[in-house]
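Down below is the structure, laid out as structure tokens.
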């Protein structure tokens, strides 16, 4: 067989696999469309109406801007900025604190109950406090997201750093690696699988808290703001569309993170498969 | 060893409280904005006998428990079905992958319009959020069934249903319980968020909003302390249940997130 | 170079306490290669870990170059018994070997070159880009050896370094250690189960008793060098010495140091054997 033929067969196989996995999506959408048209309820608009509304709302921009309209930019930029900013801060803080706590039993003893309690507090309960503390919107949003998503990162980093194979540490000591080198070359890579699990969990939490903060803090722009705006205007296709966008966003965030994780931790996955 | 752990933990908590107290008393922290630690603790103690707060707390717990129960009743059978019928699972997977990341909070404005009454709205939202951990863990548990045990049963002539009841469900049970534990903490977060957002007749979230509008930050924090304590207790109880019921399981499995 | 003085170590405390080392005395001078043999579980690894500063002994002292060991001594390399766990699974074989060389002030290219050279010495040049978990146990063990040799330490500790390789490779590795030692004047302490090996590579063979381990005998190996896998092993002196060590290691189960000088008379009559002073007094 020639190279192109092989590739063709492989593509056909992949396409078939995709069809087997995704056939329900068009079916569900079609059923929904038909049912919604038959029922004619304002509350359950058909997918076509939702898509049309979404297009009008956010995706009527020029192709050069990926069809994003001005409204889309005005909503997505602050929302995603808060999401990623808060997540990044929480990651840095969570990993740094977590590794420190994981490497020191004494420190862990002192702070364990505080961590247990801190993570048990439902983060939204603190939003009213954050509103009082930082009137500015952005800081309140960041504080909510950071507080809400730092726990999975922290707890997983503690775990990962605590259970580094003792022989790995000893090897590093014997060969005279400095403390910094030990941290970067040994402890962090060894803890990375756990840390990544925490990062992924906290990324999906960040999306949730972004919306909560925008809803509770009555933001003046952002995806959450759009949710309230459409509700107040009784714009149900717009609401359904916004919710769908959030679903797609969550899916994209999770899948892209998985790609990065697979790349970074390929040694871990492959080593595990062998053992 | 264990004693020193407890002592250290107590010291850690005490140091934090004392530092916060001193920061407030010396004016490092504005007590108008951030009340003294002692004020907050006294407030929290007061809430324990405050009938208004107790009413609010029980309203939250009610929504939480109801939502969690309904979610479990829905998600466990669904998970068993999907977990034992791979073809159906493959078909529905994309829908699950799409629906799962939708923040349930984002549904509040929509469900508020649709649902009959405030209580129904909150329970619906909690159910939506709590379903996923239970569903995913149940499916995972069914996949994890020991193939040798299953094949042994099949070889002895037991039918599909018998295998499901006698092998698959018992071995998936610990995963289901883990799912319920994860769902319980999600459900509490969502219940309180719904209260913060839409108010309603009562709830810890409602209490916090009221305290906030009266600028009683000490009471806001005191209520938050209780929210944290409730979360701790619920989690501790479910962890205990897991350990007690499924001691054999801990030796074997890692748990799905 | 290395002084071990009345070293004792007890794991745990109370009823679970296990006394692994019962007062070990050992002197290794610079450039010497000392083999340590003893029954399984007697405390050989514990001794080595104390020398490396990884175990804080409960009694006695270890001095390296005259200085008491606290923490790990400088300029030391160890081949651990559990070699596979001591390689880093997130680094390629090459990077595993090159990692310690940062300490040597080499730049990246020089580190890579040194790693490649060491890997070639253990015939693993083709595995450089692989990961440790893609290699067999014996190959992993050779990587650990290459890492230690590339580091060119002044003190090298090896804990059963040739346990997982075939006989032919084992002989090659024994000769490699001898050659490297000759070139770079390393001091080496090598723990082994293999009595032949201890006599073949060692300048001295130190036999430990069962736990709590003490030195049962310290034999000088006076074989004519350079050693040769076939010719040396045929020498009557080699055969004789091997038999000595063998008898000492087997011993009687309750063999203690006090009874030692009275039991095997051949030990003291053998011209090759130098019985340690604390065993002959009384």
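Note that the chains are named A, B and C in the order they appear, and that numbering of residues resets to 1 at the start of each chain.
Simple rule for what comes next: a contact is a pair of C-beta atoms (placed from the backbone, for glycine too) under 8 Å apart; a residue touches a chain by one contact, two chains touch by 3 or more.
All figures in this text were calculated on a predicted structure; none of them were measured in a lab.
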Topological distance between subunit B and subunit C, in contact steps: 2
Chain closest to the middle, measuring from C-alpha centroids that were averaged per chain: A
Using mean C-alpha positions as chain centres, tell me how far subunit B is from subunit C in Å, no decimals. 55
Find the geometric centre of each of subunit A and subunit C from their Cα atoms only, then give the gap between the two centres in Å, rounded to an integer. 51
Whole-Å gap separating subunit A and subunit B, where each centre is the average of the chain's CA atoms: 19
List the residues on subunit A that touch subunit B in their complex, please. 20-25, 28, 43, 106, 109-114, 116-118, 120-129, 131-133, 197, 201, 204, 207-208, 211-212, 215-216, 224, 227-228, 230-231, 234, 236, 239-240, 242-243, 246-251, 253-254
So in the complex, the part of subunit C that touches subunit A is made up of which residues? 52-54, 71-72, 74-78, 80, 82, 85-86, 88-91, 99-100, 102-103, 131, 133-134, 147, 151
Listed in rising order, the residues of subunit B that touch subunit A in the complex are 4-5, 8-13, 15-16, 33-34, 90-95, 97-110, 112-114, 185, 188-189, 192-193, 196-197, 204-205, 208-209, 211-212, 215, 217, 220-221, 223-225, 227-229, 231-232, 235, 257
Within the complex, which stretch of subunit A touches subunit C? 165, 167-168, 170-171, 173-177, 181, 185-186, 189-190, 192, 267-268, 270-271, 274-275
